[in-house]
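What follows is a set of structures for review.
Two complexes come next, and they have one chain in common, chain A, joined by chain B in the first and chain C in the second.
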Partner chain A sequence: MHLVPPVSRDRIISQFPKWYTPEACLQFKEHFHAQVRTACQWSTGTLGLKISKVVVVGDLYVGKTSLINRFCKDNFDRDYKATIGVDFEIERFEIIGVPYNLQIWDTAGQEKFKCIASAYYRGAEVIITVFDLADIRTLDHTKQWLEDALKENEPDSSFVFLVGTKKDLVSDAVCERTELDAIRFANEMQAEYWSVSAKTGENVKQFFSRVAALAFEQSVIKELENSAGHMAQIGTGNLIKLEKNVMEIPEGNTQISLGCC
Partner chain B sequence: MAAATAPGPRALGEEGGGSTAASALSMEQIQSLTDLADLEAAYSRLCEEEKVVQEELDTLLEQQSTIENKMVALHRMGPNLQLIEGDAQQLAGMITFTCNLAENVSSKVRQLDLAKNRLYQAIQRADDILDLKFCMDGVQTALRNEDYEQAAAHIHRYLSLDKSVIELSRQGKEGGIIDANLKLLQEAEQRLKTIVTEKFDAAMKQGDLPQVERFFKIFPLLGLHEEGLSKFSEYLCKQVANKAEENLQLVMGTDLSDRRAAVIFADTLTLLFEGIARVVETHQPIVETYYGPGRLYTLIKHLQVECDQQVEKVVDKFIKERDYHRQFQQVQNSMMRSSSAEKIEPRELDPILTEVTLMNARSELYLRFIKRRIISDFEVGDSMASEEVKQEHQIYLDKLLNNCLLSRTMQELIGYYITMEEYFMRETVNKAVAMDSYEKGQLTSSMVDDVFYIVKKCIGRALSSSSIDCLCAMINHSTTELESDFREVLYNKLKQGFPATTFQDFQRGVTSAVNIMHSSLQQGKFDTKGIESTDEAKQSFLVTLNNVEVCSENIMTLKKTLESDCSKLLSQGFGGEQAQAKIDSCLADMAAVSNKFRDLLQEGLNELNSTAIKPQVKPWINLFLSVSHNIEEEEFSDYEANDPWVQQFIVNLEQQMTEFKAGLSPVIYDTLTGLMTSLIAIELEKVLLKSTFSRLGGLQFDKELRSLIAYLTTVTTWTIRDKFARLSQMATILNLERVTEILDYWGPNSGPLTWRLTPAEVRQVLALRIDFRSEDIKRLRL
Partner chain C sequence: MEQGREEEEEELEEDDGGPERALEKSPFQLTAEDVYDISSVVGRDLLQLQLSAGPPLPAALARLQFRIVRVLEMLEALVSESSLAEEQLRLERDSLRRELEELRAAGARGGTGQLSLGPDKMVIDLADPNRPRFTLQELRDVLQERNQLKAQLLVVQEELQCYKSGIISQRRDQTEELEKEATGSSSGTSRDSEEKTIIKRLFSFKHGKGASSRT
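What follows is the complex of A and B.
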């Protein structure tokens, strides 16, 4: 067994991160699902390390790579360097005490690399469609990008995000106006909307935390459903109930003792 | 001090004792004494005190002589002290003197040192000036003699002179002469530069390698590193270009029947790359010797421009000759429209796909060679450099490798390749499915082997391109193909279900046979198609189950093979930093598909169990109800001779399972018998609870159950004891003598036995015995 260095401080999520705008948002909850919380509390170790696949798509030069680099490496390169084929980053999180990895696939926006990039769309838990707040045409293209990406995935299996980049380049007034359009788009695409700036770093961390939390919760729920179905086949129902009771009692106890202290 | 104060209080006390009677008794006290006893007591106390005082005085007197001795000694020491003081003052004077002296001397030494340094500098300058003169003379003669190496060496000497020294020398008395000399030298330098450049150009034009190399070595002496390298690479580029042109001409002239005709463009690229590699190989030592380490990057940067141009030519020719873009267009069209009318034949794509991957593999190999060479050259050159310089060099290198036209051209080709390879795979898989055939005696049909052969071939081809992105893309496409398209095919086959037969179906079969005979009699011919097709459907279902299982296994095998192939590729230094993670992710996706096939297999088995096994097994078990277990001795022995149920049941099972045993792979057959065993256990329990038993009937059932378990144990590899645990326990209960006997086995008496029956169920089973009274059962404490 080799030791893994601990997850860095700002990758630890204990509170459910909030949405950017309530007008285009996937979930209004402010807390993790109770079932997920208990599962994470009591079965650390039995839940395997979860990995979710994130695919980032959008026109060329909208700043997909910059967005990812700001988050993963916390740097910003002014020079434009076209992505060839696909780039790839793994970001480690710890969400309510459970280690969790986001696998971020950064695809090329150039038409000539679409053949190779589209091969990587499959099995994406999260699809991030990116456009440039300063170039409204790129927003128009997001629908096509999303359609291409959804084609390779099972319906309703992935979260969709619509992200406007380069917020630092537009005035607040322009940003607001574009956001209105973007929110309309997001609602049609059933996506959650975010405005960010990779250059200043505005909202970038919050955005990815939100992505991680939503994807994490989804994957835990899925696993719980699967294991529940699986267990029913093998053992008897009584057995599970019994375990649950055992689990709940110490939870109550700890809460009481906490109150005492 | 301490010695003086210590006796103080005591002296005071004694003094007080004398005058104010500070002893324990005062004068007044003594005077006021009247009583004799008191007086006596006071007297004795005073006497004691006197004694003590006397003693103290004695000791003090004793000390007097020693104190006096000490005083005498001190007096004697007085003059000595004065002497010491004088000596000390003398010493201090001497030290000051020495110090001054030393300082005087050292300042002189310092002056000397300075003078020496200046002398050296003067000598150096004189030397330099002499050198300068020597250089000037030397250059003149060397130039006259056309000894350019010598001239360059002189110029090099001049250039390495300290410029400020020269400047200073010019201000001296001989300034005029030196100035003139310098001017001459500078002129000579310029002349030499032009001459060398001209000569180099001339040599280059004539392709005179020794001369080219001769002048190439002179450039760095004149401080023209960059120019020398660029000129030299110009020469090398020209050679590369000539060779490449020749090769391309050869390609155009190649016969189509040539052995390498199919990969001629890849071969041409290989020749080009090998040529450049050879150039680098042969000239690296010269560059390193005469230009110093760290210069290879500059040379290769120039060469890469030529390489790019030549690659472009070759690739353009390739695209034109092989109709690459048109084929890609056609593939795209075929993929969009599902009409089979103008679909491009996948087999036609085969050679071109192989050639493209080969071209890319060669490019990757070449780029890796360049990268390694530059890195090691930088390492030598930058061994003393700062971290920033090293990083800057790394960025230069990355830029050169990633932005060169060669990389970009290849990436474009590979982009098209992936779409075409995907099409090739999909179409060929479709063909394999369409041409699926089954040979008797085989467990699987041809399409499984065919499909995996195709997938392996396509991924293998992508792997042979040495491009990790390309490989991962093809792994993903294969995963999708297997998961959706191919799994769909198998799923649809299973969905048709396993046709039910015998009993209820037998009757249907008979009636339909009668109908068929009827109709055929009318039409005058006999048609067995109905019955045959049922057999075929059965066969097809079983074969599909085997297919699904083999698929699931093949995927895992494929994944393992790819893993080792990829680690080989990565260990050779191909792929970027994230390559391993990319591959791992894609292969994990592929492995997940294997589980999907397992799920499909499970589904199919459940279907088989519920449509083929259950409808037959259930009536056989129901026959148990028609055999009375409420029996006496006579019937019991009769049963012994003529088995009423279980033997026939076993025979039926055996017959039914032979069909499956022959048609299914051992693993699936095992799972199926497992499912059947569970089914039997459940159904038998149901009928058991509907029967009634006498004591001997219980014994009979126990016997029947034992022979059933014995048989099933022989046909399954897994232990079935667990599945029959409840039934065995029921048999035990039915075999009891008395109701209360159960308590010998229950609760604390259960020993190693774990009861699978609830107390309610135990009572229920006990109630099946007609000879047990319900009151006794009710009274039982369980």
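What follows is the complex of A and C.
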């Protein structure tokens, strides 16, 4: 295990972060699951690192990279540089006392990269489908993006988020109107809805905190289920896997032929 | 058309022949300027008529004057509209001409080695430095390698931050101990050991042993 500096203060989560709108939200709880809290208390100090994979998909130019960069690097670039294939960031959190990482995969929206990017969809604990609040057509495409991402994952194994970006570009009235459509989409996709702006940073931190908390809790619950009620084992390192698979990169998928793009 | 434009330019330049010249022009070449010239000529004639009739102004003449002004206004409107249309046509013609020339040039290039291609095929110009060169698999490999390097970089950056913030003593014996510990406890995959070598290199650099020693 390598040495890590302490997590910065705004990545420490002790209260369950709130949803954006109750009309499209994955859960209403205001606290971490009691079982999860207990498990995390017991395991303090003996844990390795827990990590969840997040995949971000959506049309080109909707602002996927910008959203990630605002959160991970706190910067914004007004010039468009298309993502080639995929990129990733790792963001470290500390959630109810337990170190936790989000591995955020930023995929390319350009059609020609789709077959490369889709190789990275597998094993996503979180799927974030992104559209541009100022370009309603990109909302229509989110269902297809989600479908493609779900194809590579076990049914019901991922949290889904629907995110409208570039909130700063639309008036409040337009935003509200678009949100009505988006919330309808989110419900059909069984997703939680968020409106954000990478430019101003509005809702970006809250959104990723919510993603982290939901994914964290889910993965702890899964571990608890896997250890089949042997609560005594929690804290002996069983709960949290080491970071050996931090960079689980898809093997050179030779079966995908050139023709797929 | 061309001729009309030239005449107009000439007139603007030296105004030879006076406003009367406008009356001799072909109606299809009239410009708004010409209509103003005609107005001034007709206006002068009307004035002369008035003077010779003497006051009071005969009603018929007044009515005629009024109608002539109206006709001239109508003429002006027609002329300006047609000159706008003409300008548009001119632009369109120029762009068509350019397009045709490009097509001809392309035709000349392609004419030498005509080959028929299937619907999903394309021609690659080998002289084009921006031509596609890499296969999908190569791009995939490059990306994977980039991702691995980035992951290693993140690890190193974090460790560096630890040392900078003094979380870990910078004394060499201690760091070596830590490294040993780390290698011992890790599952010893090649990736792990790769990480260690990078860190080691960074260390030797920090302690002035030369960053280039690639051990």
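One rule holds in what follows: the second predicted complex is superposed on the first by the 221 of 261 C-alpha atoms of A that agree within 3 Å, B and C clash if a C-alpha of one lies under 4 Å from a C-alpha of the other, contacts with A are read in each partner's own complex, and residues count from 1 in each chain.
In this text, a contact is a pair of C-beta atoms (placed from the backbone, for glycine too) under 8 Å apart; a residue touches a chain by one contact, two chains touch by 3 or more.
Remember, it's a predicted structure, so these values are computed and weren't measured experimentally.
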Broader residue contact with chain A after superposition on the shared chain, chain B or chain C: C
Partner chain(s) touched by A:152 [first = chain B, second = chain C, both, neither]: first
Partner chain in contact with A:31 - chain B first, chain C second, else both or neither: neither
Contacts of A:116 with chain B and chain C, given as first, second, both or neither: both
Touching partner for A:84 - first (chain B), second (chain C), both, neither: both
First, second, both or neither for A:9, with chain B first and chain C second: neither
First, second, both or neither for A:137, with chain B first and chain C second: neither
Common interface positions of chain A, toward chain B and toward chain C: 84-88, 90, 115-116, 119
Chain A residues touching chain B - in the complex, by the definition given at the top: 51, 53, 84-90, 103, 112-116, 119-120, 122-123, 152
Complex contact set, residues of chain B against chain A: 402, 407, 411-412, 414-416, 418-419, 422, 469-470, 472-474, 476-477, 479-480, 578, 581-582, 585, 589
Complex contact set, residues of chain A against chain C: 1-6, 84-88, 90, 115-116, 119, 242, 244, 246-247, 249-250, 252-254, 256, 258, 261
Of chain C, residues touching chain A in the complex: 135-137, 139-141, 143-144, 147-148, 150-151, 154-155, 158-159, 161-162, 165, 167-168, 178, 182, 185-187, 189, 191-192, 195, 199
